[in-house]
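Below are two complexes that have chain A in common, paired first with chain B and then with chain C.
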Partner chain A sequence: MRDFKGIADTWFDVVIIGGGVTGAGILRDLSMRGLKTVLFEKSDLASGTSSRFHGLLHSGARYAVTDPEAAAECASENAVLNRIAKYAVEPSGGMFVRTKNDDRDFEERWKEGCSASGVFFERISAGEAREMEPGLTSDTESAYLVKDCAVDGFRLVWQNVLSAGFYGGDFRTYAEVACIEHSGGKVTGVRVRDAVSGEEISVPCGCVVNATGPWSAHTAKLVGAHIGIKPDKGALLAFNHRFCSRVVNRLRMPSDGDIFVPHGSVTIFGTTSSDASGPDDSQPSDAEARYLAGLAGEIFPEIESHRILRAFAGTRPLIDLDHAHLGRDASRNFIITDHEKDGLSGFITIFGGKLTTYRLMAEKISDIVCGKFFITKKCRTAEEELLPSMSQSLADRAKKVFPPSGAELIYARLGPLFETALKKAEADPRRRELLCECEFVTLAEYETAAALDTSVSLSDIRRRTRMGMGTCQGSFCGFRALVSVFGMGLNRERGGAEILLPFLNERWKGMKPAMWGLQMPEAELMKNIYSSSLNISGGQPE
Partner chain B sequence: MPPIKKEINPDLCTGCSACTVSCPVAQAAPEFPGPKIAGPVSERFRLSGVAGAERISYCSNCKNCDIACPRGVPVSLMTMAALNGQDNGIRPSLNNLILANGPAMARVAGIFPHFLVKFAMESRLSRLILDGLGIDKRSPLPVFAGEYFPDVFKKRKKFKSDKKVVLFSGCFINFYDPETGTDFVDILEKAGYEVILPEGLVCCGLPMAANGFAGKAAKNAAVNYGILKKYCGEGIPVTALCPSCALMLTREYGEMFPEAVSGEPLAVADACSFIASLMEKGELEAREGNIGGMSFIYHAPCHLRAAGDGLPGYELLKRLAGDAVKNASAGCCGIAGSYGFKKGKYEIGIKVGRALFDEVKKSGASLAVSECGTCRVQITGGTGVRAAHPVSVVKKFTVLSGFTR
Partner chain C sequence: MNGKIYDNIVIGAGMAGLLNAVFSASSGKSVKLITAGAGSLTIGSGLIDLLGYSTVGGILKDPFDGFSTLEAGHPYLKCGRAAIDKAVRAFLDICDKRGFPYLPANGCRFVPTAMGRLKPSFLVPPSMDMESLRGAETVYVAGVDGMKDFSPEIICGAFSSMEYFKCKRFEPLSVSLPELGAAGFGSMEAARFMDSEEGCSAFIDRLKGKINTGCGMIIPPILGSKPGLWVYERVKSELNAEICESAVIPPAVTGYRLRSMLMGFLGDLGVELAENARVISAEVKNGRCISVSTAGPGGVKSHRADNFTVASGGFYGGGLTSAAGRVWESVFGLPVKTPDGWASADFSERQNYSGFGVSVNDRLNACDILGKPVYENVYFAGRIIAGADSPYEHSGNGVALATSYLAASLL
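After this line comes the complex of A and B, so read on.
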C-alpha cells in the first residue's frame, strides 16, 4: 500500500520497521494474534537481504558442526515452510559432496553433528551422486542426500504480507521512519516520510519493532540506542540455467563458494564473506565474481560453458558479539533486544538469524510483544498456509488462457491478484502474450503488477514478477515494459528515460562484474538496443 | 522411450529473436510462439520441471531457426527434444503414428495390386477416413509406387566395377519415387560406378523424431550408422538423394543419439555434389544438351540450406542449363516432411508455401526442381507445376535423351 494520508494519526498497536522476511513474518504473526499492526519499509518489500541470498532453505546440515542449535532450528523450520509455503518453496532436495581435496575428518564430525541435531542425511555412493547430478566433478569421493530446498525470498515476503492483510495487517512501502517519538521513557509513535513525495505523517503506536536486519544499528540510532551488528557482504553468481537438479553443497568446514541452488529457471551459487562498507553495500567486485567462478569450477568442472547472468551481493546482519554486550533472549542464531533496559519501553530490536528460521524468529518476538499487550493467544503461523491452493475453478479458467504449466507460476507470484490477471487475459487475447519471455511473464500479469500502487518503479514490478531477471536481463522486456507503462497511463509525470534508466542500471550493476564469456554478446545486444532506439545506455553512474 | 540424449545448453542464446523473425510457421500461425520461446527460452523452464511444452507441436522442424541463429544455438534440436521428452504432457496422436511410419504403411500397401492401392489412396472415401485419422483430406498426399525402388534396383542388370558408391535412397525415393532413384543410378553407372544399395538400411528416423517417436528413431540410427560406418571405413563414398536424410545421417544422429552412434560422424555426400565431383574428376562428361525450350525453377529445400554446404543441385543445373534455371529463393514450401499433411497444420503449410507458389507460377517455368521429395509434392500441389529432382534433369544431359516425367 502507498496511501499515507489514510493512516495519518491512526493508532496502531505495533509498528514494524523493515519489509524483509523477518518484518513480514512478524506482521503476519501479530496480525493473526489480533494486534493492529503496520509495517513500514523504506524501499520495496524484499529489496534488501531477504532477496540477496542464494535462495537456500537450509536443511540444517550446513550448520551441523559449527552451530548445532541453528542446525536443529533449520531442520524443524524447513519442515514447517514446506508445509505452509508451497508457493515459495521448491522441494528440490539437496546433496552434500566431499571431493578428494576436502578434509575427510570433517565428514565424520559432520555426520555426528547431523545426528545430534536431528538433521536428516542419507549416504549415497559417489557413482550414484554423479548419476543424479551428471555435471559433478569426478573428484567426488563421498556424497549424502539432505532435505535442502530452494526458497524464493520475494514471494516469501509478499505472501507473508498478503496473508497478514487477511487478518488486518497493514503495510506501506517507500515509507521511511524518520523519527521514533517517545515520552516519559515510552514509545508513543513514529513519524513516517513518504520517500516518493517527501511528505511526512505521524502514526501513534504502543510498540515499535526494529526488524531492519543489517540496517538495525541505523534504526536503533533513531532513539540513541546501540546495536552490536556488523554488516557482512556475501557475493553470489546467478547462472542462466539449472545445471543441477537439487541443491549441491560442498561437504567441508563452511567456506566460500560452497552452495549451488537451482532456483526457478536459474542456478544461484555462492557465497563469500567479507566486511561490508555499510548495509547498502551490495555491489560485488569483478574480483569477487572471478573468485566465485573459480570455486564453482571445483565442483562443476564444465562451469565455463555455463553462462553467468550476473553477480550480486547482500549484507548479512552478523552479530558483533565483542561489541554487543547483549543478553541472549533467544537462540544463538538471532538476538532480540528489548530496549526497555536502555530506558525506552516499547522499542524492540531483532537481528541476526537466517531466512530459513524467519518464522521462528517472528514467533519469539511476537511472544514478547504480545506479552506487553497482555495477549495470550498462541502463535499459529506454523499451521496455516501462507497462500491457499489455487481453486479448481480458477485452475480450469486459467487453463484456457495461460499455458497450463504457467498458471501455477503466475499464481505463486501474484497470489490473491491472480484472478485480476486472469480476467485481463480472458478479456483480451493480446494480454496473453509474453512481455518477458525469459521468465514467462504475460502482459496480463505485468499489467496487474504494474497497476499496484506499490509499483513505484520498474524494479518493483521486476521483484513481483521476475520480469527482466532471465536470459536477456531486460534487453527486450524493459522496452516493452516502458511501452506498457505509457499505454496504461501510469507515471505520466516521468519521461521514458527516467522510468527506464534505474531499471537498466540495476541490471547493468549485476552484469558488469561478470561480463565475460557468454554474457558479453548479451550485454552488447542490450547496449545496442537501447542506445540505437532510445539513445540511452545503461551502466551510467547513479 | 530413451529421450534425445544430448544435454542441451540454452546459454548461447542471447534472445535476439532472429530465429523467430525467420520462422515461416510463426509468421503463418499466431498459435505458435516461435522457435525462440519453443526452444531456448522454454528449455530453461523444462529444466526446472515446468514443462513449457505447450504449442511447440506447431514447430514444423524446417530448421530455418538454426539457419538464422547468429550464435549457433541448436534451436530446432531443443524443440524436437522437448517434443520427445517424457514429461512434456504431449502424447503423439494417430496421425503422428502414421506419418512416422511410412515404411510400415508402404509394406502393407505393397501386398495389394498397385491399381487398387492407387485407387484406394486417391478415392474420396479413403481420404475422408485418413482425414478422420488426422491427415488433412486436402493435402497432396503422394501415392505409393507400383514397384518400390529396392525391387526396381534388384531387377536391374548388375553393373560391376572397382569404383563403388553407396546410395542411401531414403523412404520417398523407395516408396513413392523410384524413377528418381533409377535416374541417379543411371548417371552413376555411366560414370563407371557400381552402386551399392546395402541390405538392411532403414528409414533415417527423421519422421519418427519429428512426430514424437525418438526411441524408434534412435534404433534406426543405430542400424543405419552400423551399416554405413563400415563403408565409410572402407573409403567407399556414401551419397543420399534426400537432403533431410543426409542432414539426419551426418549431423543429427550425433546430436540426438550420441549413444546410438558412438564414433566418427558419417560422411554422406549430397547426390548433386557427388555428380559435380565426378565431373571435376572427368569421370562424367556433361554437355549442354537440348532442353527444348524448357525452363526450370529451382527450390532449395530448408534442410539442404540447414546443412550449410551451399546449393550443389542449383549450381549443377546452372552449369548445364544456364539461364534456363532460376532460383525461386522464396523460403520454405510449408510441407516440412510430414507437417503439411496433418490436420490443423495443412492450412499453415499452404500459407507458408504461398510465397514460393507465387514465385513458381510467376516464373512460367515448365518444371520445378528440388532435391526434397515432399517439397516437390507440395509445389505441385500448390501450383500444378510438375516437379523433379535435379538428378533427373541432369540425366537428360548426360545419359539418356528421353527424359520425360
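After this line comes the complex of A and C, so read on.
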C-alpha cells in the first residue's frame, strides 16, 4: 500500500521497520495474535538482503560443524516451511559433495555434527552422485543427500505480508522511518517519509520493532542506541542454465563458492565474504565475479561454456562481538535486543539469522512484544499455510485461459491477486499474450501487478512477476512493459525514457561485472537496441 | 574441396559483408559470400548513421563537423574523407538503381524513434525522414490496434515536451486492422499485410476522415516489407499527408527492406552465396591466407580465394569471442586489445567493449603494433574493426559502409 494520508496520526500497537523477510514474518505473527500492526519499508518489499541472497532453504547441513544451534534451527524450520510455504519453496532436495581436493577429516566431523543436530543425511556413492547430477566433476570422492531446497525470497516476503493482511496487518512501501519519537523513556511513535513525494507523516504507536537487517545499526542510531554490526558482503552469480536438479554443496569447511542452488531455469552460485563499507555496499566488483566464476568450474567443469546472467551481492549484518571474530567465523545466529536496557522502552531490535529461520525469529520477538501488551495468544504461524492451495473452481477457470503449468506459476507469484489477473484474461483474449517470454509473464499478470499502488517503478513489477529476469534481461520485455504502462495510463506525466532507463540501468548494473563469453552478444544487442536504434538517452537537436 | 579460386571471399552477411560483396562484384570481381547468420541488419533500423554525436558531446548538424574530435585509431581516420564520400555516393547509386532510393546526403537527418527520441542519422529512406513533417502543424502519431511494441502515447508525450517541436501539436491515433487479428502481431506482419492491395487500401480507408489534409503522421514501420517506396508514395498521396516511419525494437522492417534490396542485387551480380555456413578455420602460409573452411549442413568444406574480406561483426555478429579477461577475433584467432574496465556501470555511458576489435592499418589489414600487416590479402570491414563506440557516437552502419567500400577498392 502507498496511501499515506489514510494512516497519518492513526494509532498502531506496533510499528515494524523493514520489509525484508524478518519484518514480514513479524507482521504476520503479530497480526495473527491480534495486535494492530503496520510495517514500513523504505524501498520495495524484499529489495534488501531478502532478494540478495542465495535462495537456499537450508537443511542445516551447512552449519553442522560450525554452528550446531543454527543447524538444528534450520532443520526444523526447513520442515515447517515445506509445510506452510509450498508456493515459495521448490522441494528440490540437496547433495553434499567432497572432491579429492577437500579435507577427508572434515567429512567425519560433518557427519557427527549432522547427527548431533538432528540434520538428515544419507550416503550415496560417487557414481550414484554423478548419475544424479551428470555435470559433477570426476574428482567427486564422496556424496550425501540432504534436505536442502530452493526458496524464492520475493514470493516469501509478499506471501507473509498478504497473509498478514487477512488479520488486519498493514504495510506501506517507499516509506522510510526517518525518526523514532519518544518521551519519558517510552516510544510514542514514528515519523515516516514518503520516499516518492518527500512528504512526512506521524504515526503514534506503543512499540517499534527494528527489523532492518544490515541497516539495524543505522536504525538504532535514530534513538542513539548502539548495535555492533559488521557489514559483510557476499557476492553471487546467476547462471542462465540449470546445472543440477538439486542444491549442490561442497563438503568442506564453509568457504567461498561452495553452493549451487537451482531456481527454475537458472542456477545461483556463491558466495563470498568480504568487508563491506556499509549496508548499501551491494555492487559486486568485476574481480569478484571473475573469482567466483573460477570457483564454479571446480565442481561443474562445463560451467565455463554457459552464460552468466548477472552478478549481485547482499550484505550480512554480522555481529561484531569482539574484533577477533570476523567474516564467516562470526556467529550467524540471530540477536534480539530490547532497548529497555538502554533506557528506552518499547523499542526492540532483531537482526542476523537466516532467511530459513525467519519464522522462528519472528515467533521469538513476537513473544516478547506480546508480553508487553499482556497478550497470551500462542504463535500459530507454523500451523497455517501462507497461501492456501488454489481452489478447484479457480483452477478450472484458469485452465481455459492459461497453459496448465502457467496457472500455478501465476498463482504463486500473485497469491490472492490471481483472480484479478484471471478475470482480465477471461474478459480479453489479448491479455493472454505473453509480455515476457523468458519468464512466462502474461499481459494479464503484468497489468495486475503494474496497477498496484506499490508498483512505483518497473523494477517493482519485476520483483513481483520476474519480468525481465530471463535470457533477455529486459531487452525486449522492458520496452513492452513500458508500452503497457502507457496503455494503462500509469505513466503520470513521466516520459518513457524516465521510466525505462532506471530499469535498464538496474539490469545492466548486474550484467556488467560478468561481461564476457555469452553475455557479450546479449549486452551488445541490448545496448544497440536502446542506444543505436532508439537513442533512449539522446537529447534534442538545437 | 571446391576447385574455384575466387577473387574475393567475404565472410559475413551483415551490412559490411553485403556491401563489400556488392561493391567488389560490381567492379567485376568473382565473389563468394559465406555467412553463418543474418547479422544485425534485419534487427537494426536500416538507417546509415555516420556520426550523430561528437565524442566531446552534443548532436552534430553535419557528421563531418565531428571528424576533428575522433580519437586516433578511429576507422574513419583510416578511410579518409575522400573514400567516405565515394562510399556514400556508391551506396546512393545502388539504391537508385535498385528502385529503393535513399535521400541524398545532406548533414544529419533526424528519424523519430518508438522511444520518443529523435535519432541523428545520415543516409535515410524518404519514409523515415522527420524533415518531411516540417510544414505540418498537427502531427498524428498513429499505432495499429493490438500491435506489439509501439505506443503513440510514448512518442506524443515526449515530443510534445520538446522545445524543438514547440510549434507542433502531436496527437495519438489508433488504426484498426482486425484482418491481422486482435493482438500478438508486430510491425513485420502489418508491413506484409500492407504489401497487398487489400491491406494498403484498408489502412488508407480507415484513416480517411480521422486526419486533416496537410497534416503529418508518425507511424510504426509498416509501409510494406519490400524494398521500394510504392506503398509509402501511395499512402502519402491518397491521405494527402506527410508520413514518417519510426525506428523500433527488433525485428525491424526497415532494415529487412535494405537487406532484401542488397540480397537481390547480389543475386543479379552472380555472387555465390553460402548461407548457414560458419567459417571455422583458415589456412595461412607466408603471411597470406590460402583458404578458409566452413562447417555447415553439408559438412566441412574448404574455399579458396586470392583475397578475403572479414566482415564478421562484433560480439553480437560473432566476429569477436571472449572469455573472462580475454577477447579474440573468431576466425583467425587474432588477439584483441582490451583495456581494463570493459563496461561502464551506467547503461547510457560509453562502453569500452564497443570499441574492441581488430586493429587495422589504412589498407584495412590486421596489423601488429608497428603497423605491419599480419595477412596482406585479408581485409577487415564493419564492426569487427577496433576504435568506434558506435552505439554512443551513432556511427554503426556508417563505419560498415566506409570500410566495406575501401576494402573492395583495395582488391
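Following the convention adopted for this analysis, the second predicted complex is superposed on the first by the 524 of 542 C-alpha atoms of A that agree within 3 Å, B and C clash if a C-alpha of one lies under 4 Å from a C-alpha of the other, contacts with A are read in each partner's own complex, and residues count from 1 in each chain.
Operating definition for what follows: contacts are C-beta pairs under 8 Å (C-beta built on N, C-alpha and C of every residue); 3 or more make two chains touch, one makes a residue touch a chain.
None of these values were measured; they are calculated from a predicted model.
*Asks:* Per the contact definition in the header, classify A:R83: touching chain B only (first), chain C only (second), both, or neither.
*Replies:* neither
*Asks:* If you stack the two complexes on chain A, which partner ends up touching A:G495: first (chain B), second (chain C), both, or neither?
*Replies:* second
*Asks:* Give one of first, second, both or neither to describe whether A:F476 is in contact with chain B, with chain C, with both, or with none.
*Replies:* Both partners.
*Asks:* Identify the partner contact of A:L525: answer first if only chain B is touched, second if only chain C is, both if each is, neither if none is.
*Replies:* It touches chain B and chain C both.
*Asks:* In the superposed arrangement, does A:C438 touch chain B (first), chain C (second), both or neither?
*Replies:* So A:C438 only meets chain B here.
*Asks:* Check whether chain B or chain C contacts more residues of chain A in the superposed model.
*Replies:* More residues of chain A are touched by C.
*Asks:* Let me test your reading of the model: by the given contact rule, A:G487 touches which partner, first (chain B), second (chain C), both or neither?
*Replies:* In the superposition, A:G487 contacts chain C only.
*Asks:* Figure out whether A:K512 sits in contact with chain B (first) or chain C (second), or with both, or with neither.
*Replies:* second
*Asks:* Tell me the contact category for A:G264 with respect to chain B and chain C: first, second, both or neither.
*Replies:* first
*Asks:* Same chain A residues contacting chain B and chain C, which ones?
*Replies:* Comparing the two interfaces on chain A, one with chain B and one with chain C, the shared residues are 476, 521, 525.
*Asks:* Would you mind writing out the residues of chain A in touch with chain B in their complex?
*Replies:* Within the complex, chain A contacts chain B at residues 90, 134, 240-242, 245, 262, 264-266, 305-307, 403-406, 409, 434, 437-438, 440, 470-472, 475-476, 518, 521-522, 525.
*Asks:* What residues of chain A sit close enough to touch chain C in their complex?
*Replies:* 283, 286, 290, 293-294, 304, 429-430, 433, 476, 479-480, 482-483, 486-487, 491, 495-497, 500-501, 504-505, 508-509, 511-512, 515-517, 520-521, 523-525, 527-542
*Asks:* Across the complex, what residues on chain C touch chain A?
*Replies:* These residues of chain C touch chain A: 40, 43-45, 49, 52, 59, 61, 108, 110, 113-120, 146, 148-151, 153-154, 157-158, 161-164, 182-184, 247-250, 252, 314-316, 318, 320, 322-326, 341-348, 351, 353-354, 390-392, 394, 396.
*Asks:* Okay, in this complex, where on chain B does chain A touch?
*Replies:* Listed in rising order, the residues of chain B that touch chain A are 7, 9-17, 33, 36-37, 40-41, 43-45, 47-48, 50-55, 71, 89.
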